[in-house]
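These notes concern the structure reproduced below.
Chain IDs A, B, C and D follow the sequence of writing; residue 1 opens each chain.
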Amino acid sequence: VILEALIGFRSRPRETAAQLASSAVRHAVSLCRSLLSETGEVSGVRLATEALEVYRSLDAPAQAAFFDLLATGFSPDPEAVGAAAEAYRKEPSAANLSRLLSVVEPARQELFRRLNLAPDGIRVLVAMRRDLLRHAADKPHWVSIEADLAHLLNSWFNRGFLELHRIDWRTPAIVLEKLIHYEAVHQIHGWHDLRRRLERDRRCYAFFHPALRDDPIIFVEVALTRRISPRVQPLVDPDAPVIDPRSATCAVFYSITNCHEGLRGVPLGNFLIKKVAQDLGNELRQIRTFATASPVPGFRRWLEATIEKQHDRPQFAALAPVLARMSEPDWLPEKHASELAQRELPALCAHYFLHANNGMEPLDSVARFHLRNGARLERINWLGDTSPAGIQRACGLMVNYIYRLSEVERNHESYIKEHKVVASRTIESLAKESILERRERRDRRER
Amino acid sequence: VILEALIGFRSRPRETAAQLASSAVRHAVSLCRSLLSETGEVSGVRLATEALEVYRSLDAPAQAAFFDLLATGFSPDPEAVGAAAEAYRKEPSAANLSRLLSVVEPARQELFRRLNLAPDGIRVLVAMRRDLLRHAADKPHWVSIEADLAHLLNSWFNRGFLELHRIDWRTPAIVLEKLIHYEAVHQIHGWHDLRRRLERDRRCYAFFHPALRDDPIIFVEVALTRRISPRVQPLVDPDAPVIDPRSATCAVFYSITNCHEGLRGVPLGNFLIKKVAQDLGNELRQIRTFATASPVPGFRRWLEATIEKQHDRPQFAALAPVLARMSEPDWLPEKHASELAQRELPALCAHYFLHANNGMEPLDSVARFHLRNGARLERINWLGDTSPAGIQRACGLMVNYIYRLSEVERNHESYIKEHKVVASRTIESLAKESILERRERRDRRER
Amino acid sequence: VILEALIGFRSRPRETAAQLASSAVRHAVSLCRSLLSETGEVSGVRLATEALEVYRSLDAPAQAAFFDLLATGFSPDPEAVGAAAEAYRKEPSAANLSRLLSVVEPARQELFRRLNLAPDGIRVLVAMRRDLLRHAADKPHWVSIEADLAHLLNSWFNRGFLELHRIDWRTPAIVLEKLIHYEAVHQIHGWHDLRRRLERDRRCYAFFHPALRDDPIIFVEVALTRRISPRVQPLVDPDAPVIDPRSATCAVFYSITNCHEGLRGVPLGNFLIKKVAQDLGNELRQIRTFATASPVPGFRRWLEATIEKQHDRPQFAALAPVLARMSEPDWLPEKHASELAQRELPALCAHYFLHANNGMEPLDSVARFHLRNGARLERINWLGDTSPAGIQRACGLMVNYIYRLSEVERNHESYIKEHKVVASRTIESLAKESILERRERRDRRER
Amino acid sequence: VILEALIGFRSRPRETAAQLASSAVRHAVSLCRSLLSETGEVSGVRLATEALEVYRSLDAPAQAAFFDLLATGFSPDPEAVGAAAEAYRKEPSAANLSRLLSVVEPARQELFRRLNLAPDGIRVLVAMRRDLLRHAADKPHWVSIEADLAHLLNSWFNRGFLELHRIDWRTPAIVLEKLIHYEAVHQIHGWHDLRRRLERDRRCYAFFHPALRDDPIIFVEVALTRRISPRVQPLVDPDAPVIDPRSATCAVFYSITNCHEGLRGVPLGNFLIKKVAQDLGNELRQIRTFATASPVPGFRRWLEATIEKQHDRPQFAALAPVLARMSEPDWLPEKHASELAQRELPALCAHYFLHANNGMEPLDSVARFHLRNGARLERINWLGDTSPAGIQRACGLMVNYIYRLSEVERNHESYIKEHKVVASRTIESLAKESILERRERRDRRER
């Protein structure tokens, strides 16, 4: 390997940035360069460890200066790339391809691979990508660093390297406290709450990467139940009675959490759901139904925008105060608002799933995830999630998706190719009853 | 991700090859294409498993046809590459770099990443590269496949992902039998032999990759001794007496074995030696010397060629029958030949290390390995390895390299930058006593 | 084995008890008898499991009836015992001894051994002894059952069968929650508190019995410190700063808890302290001092009794209101009371340790434990334990015992043979300054 | 505890023995006495370790002297026993029982419990009992020591404390080499042979005691087959083809080995067979038949004695040379002898099982074991075991017992109560065809 080549092309802006950089930043970059040089070969572990230590000691402006240098100084040389590409274009031989690839790959990628030599290096690299993503908007030139990291992390966190572990009350506390920390969908309120979620009629599974010890990558929480739960609160109630898992016929996935922002885009949820469904099905033969109890994160925002747009129509106008009322803490028991909401909101939600799009795909991000995985939208549940977050996101609605292993591939194909929202008949009928579609039909009739 | 792009450019020759391919080959390729398509996203594990099963069922010609198709059909499109490179050359922006990288990466790399979804996929991929390397000479167009695999394996078998495990008599038999199988330097003759090598005064350590279960990547065998062993046979003698490890002051690395041909070029030996030296030093404080008992694989071949060239000089001519005699089974006890050999060979070997080069580096491959790692060539031992292999490779010579943690980086630098062979004074003096140098000095005096 | 013999002698009272017993009790006893019969040999696991299930379902009166039956129906036959003893007395041969032993051992012991065949049987047997001990006072005839169980448990929980495990934040939650539950000396207030006690500068070790899974038998909590702590509160403060364990020179055992009342009298604390001291000393060489921060459970009660007795002496009378004041929640800051207490109480406590006896041994139970183990009483600390329990037990005093491995055996001998309280000079002098001894000296002078 | 009492009564003979004892023996005994004294409490681990070290260093005569001292010096005092027994006879109260028990238990038992404090003490105690058993015949006075050890080992190796582990090729070599060493029924000829016995269609399970690390107590080897094997050789053939375990319907227990002579009489085989049958049945649902391929250890000896007795009857006389011929190495292919043997021997063997008794129980020890466990004698197989041992023990016959979980308890009861040999109809008919019964019928008819 011609290691000098790895250090790569250095564009102008670097020099200026370097002048601003603190000595710590210069030290970090200098360690990175040593790591990439031939010295790195024999002193790799030491250099990588030092480089990451210095990196972690940087304050925000210094970190930014460091990233500025990484963004410019470790990219491929445009002229060399041009020449190699031209040679390959003229003669697409193995040798020309090989040269092209070695010239094109940013030195950053090799740098990150070598930083990974440090004990726990992977942990720092995942955190580094998180930091980069958080500044994606205001630092567009960092996108190359982020992309290089993303490329490596995608390769390293390949599902073939992940291990599925069941998490229960025998799991080390150091892992359990991370669940409490990470859980985003239905917050875990301390150890008492967690303990209930790990009882005999609950299951929790996580993917782990062997090099990221004691730290789950993604985890799913499952309730073993006797029917598809129309409400999520009983599933997360720490004082809910425990049922005999052998009497359960249904597994409800009520929460799935990606633990690391720095691994955004690494597709694991799909593998996790399927693997867990398979394993559960093998272990508990009487479990036949695999469903979710899912949030509808975009419904309320969409609904409010829709009401806004249609505020001159009385039916919509009537909904506005109901929604406003919902934000107040003691809303639930209120009879009138509830009745109107119960009549209109589920139908509007059905419409939202079937027709509110973002490009070709549904507007709802959770819907996109499950439909892409091959699930079917089964049921919309009024007051299915009455937590503050549930009210806030979806006016208290919660939905069940269903995973039928036999139809998952077909559904996935339909979704990918035709962007078809695979939904139950009930939901399709419900959508037609929504104010929007009723009105449209009336409008059409009137015309 | 625009997945269609991944399937990539298909050059002409593929079509012809495809016609020749058996239906199994076509099936394998078709599975690979499905795996790369959007279907692969949801059915990845199934498709990868099937593809690898079909691949493993291929006979040699079918495998060759499969590789032919991989070599051509999954490379980047020269025109697209040319255009993206030109754009980047004109404006080396993050966006242009990103586009360039996505166009240049061969679809094969993503294919291999997805094949890794299959249980034990990594095992098949390592074996696949082995098969490709074995045909490197007669199938030059497969080099692209091999290079793509090498690129991924280098990244996946990054030292940061490997685990060091001590191997002893408590290790599962399934791992131990692999040691017997892999050991190449000093063959292990069955379980009785192995057991001795795992006694209290021996150590064995291996790197494992978490996804390659029960299969070491590289392992080293160490003897704990009271001095730097001048002979290797006592170290591998199954009936040698066991000493108390607390009385040892020296750790002799007498064998280091790369287990997988498919991982050739993944640099691990260096890390292994240093990590083991560190760990041993921490555990047994009285161990101060870390040395090797190493073969000299190229000496005899070089010596025979040298004798051939100098056959008109009587001193060299006298060596020829001695070497010839060495190949006979009962050579050792012979007095006359031994005396001559003992007088001349070590000195010639010293000369060989210091002056016989392959380009800028020493001709001897083991020397290149240890010197590059920062070791020092310490001693040449007459009759240090009297096994048939030892006689065959190096006329019975064995050498000790020494690893001093404090000088390893400096030695490495000298070697990398000036190709300096760091050797003890003794060896430098010895070289001067060799026939070659004596003669040269005489020639010079005579001139 | 003549199994019939095992069922043993049945004394009269059983019949009456049986009449009162519920059918569940009769069922339990009948299962016990089957278990002891030859059927038990082949159906042992099933019968034991059933018997323990029935036993656990008994309510308090039924349990009492069951114990009544066990106490009478499974004891040795007095006549058979008499005959066998007489034979042995006449001729103490091996054969006669053997017969004697087989006649004397109560069938209960074999019954308990067979109940142990049930999965988790040992857990139930330990709980059974706890229940028996709790009624020791009002059910003297149960003492035989309790003694038989104690005999077996002592044999089964032999230190040779126990495993020492370090407990830290990687320990399964199911074990950690037990620590929270069991800790008796310095209560653990939930997981946050526990976490601090498992930080780098704290250690926790427990003995486990392999058959009592996930359940510690006895555990000790240790603080690594830079000096012998004069106060216990900083050691158990969840927000105390964490120090680098490598800077510690002292290990302070601040809590030792026996987890199972049913194992009362099984001597393990001694082994635990010594094993932990040894292991810690090997791991952290700079730790040279092994001390405790111990409560003085009997001091205040003794002091109050002493004051009562001496209430006509003004110095004692002055102490009474100080003690009374101590029980109030805001006592500490009060200056006057504190000064008097600080001047007089430590000296009285020294006197208490050296002269207040229960028979030949010290009155203080913790002192008896540590002195018997060979420790030395080192220091009495005013306001060393200001927790409500500390005030309540010992007016806020806390003491340090020291374990010097080199003098442990000698101290133990002195204690055992002469009941000598091995204490530091300071403590001996202190005792002489106590009101009691001052007065005595004065009295003597006056005489 | 009154520890002095533990040291116990010392009868006369000890003094004489002591005079003969070497100083090492006296040292060992003195350590034992210290261990029993109060010093033992605090220095138990050290004293026990030393005592066992000294014990292990004793040569045979010294060991004998040590046992002589143990046999006499640590027994209960006859007078004290007599008094306590008399008190209990007069008033069988809990207090009197307690006193009686403490007086009767030999100090040896407490000594052995305390010796168990030493690391690996249990291993030495098991070996000690083995040594005692080996001299049972010539040292009848050692029986007390042996009985005390047996009593403790029975209690300590209670099935509730044992762990069942599956043994396969992932098991540590240190355990596997023990299997090779211990296997007694069908010798394992090295690692190649062992490996076959751990393939997918074979199973091996062992009970382990947590304190006897890496050392199985008892193990069973099982073949998964498609029918009840009529021959044992294919089951132990290292080159037999491996079948898919999912196609097996039958589990054949072809070898069960007690590993430790020192644990003779501790009943574990019964538990092992049943637990393994249960576990296998749960794991591989299609396995319905649990059978054995068992030796008939006593058949040939009985047959030869019978022939001897009946040598004047021609039919028996004809068998004599056939049996004689069988001992020669090349016997098998011989036609004539085989035919006669094949016709007569199985029937005689059936008769042997049903009618050859040792007291009330069958003469055959393996039959006693399986019948007592509740198995049924199913089939006698001509040439079922053609190994030299098989010929030697049973003229090449091998039998299958069957375990039906549903009838095991009933069979056991019949066996225990009526000594009934539960056998298949075929075997009952076969017995009637034996020469012995044919003759008897004829004799009866003739009368």
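General remarks:
In the analysis below, a contact is a pair of C-beta atoms (placed from the backbone, for glycine too) under 8 Å apart; a residue touches a chain by one contact, two chains touch by 3 or more.
The structure presented is a predicted model; accordingly, all values stated were derived computationally and were not measured.
Shared contact partners of chain C and chain D are absent.
Look at the CA centroids: the one farthest from the centroid of chain A belongs to D.
If each chain is reduced to the centroid of its CA atoms, chain B and chain D end up 53 Å from each other. Averaging C-alpha coordinates per chain places the centre of chain B 61 Å away from that of chain C. Here the CA centre of chain A is 41 Å from the CA centre of chain B. Pairs of chains in mutual contact: A-B, A-C, B-D, C-D. Residues 169-174, 176-177, 190-191, 195, 214 of chain A touch chain C in their complex.
For chain A in complex with chain B, the touching residues are 9, 11, 38-39, 41-45, 71, 75-76, 78-79, 81-82, 84-86, 88-90, 92, 94-95, 97-98, 100-101, 104-106, 113, 116-118, 121-122, 140-144, 147, 151-152, 154-156, 158-161, 163, 210-211, 267, 270-271, 274, 372-374, 408-409, 412-413, 416-417.
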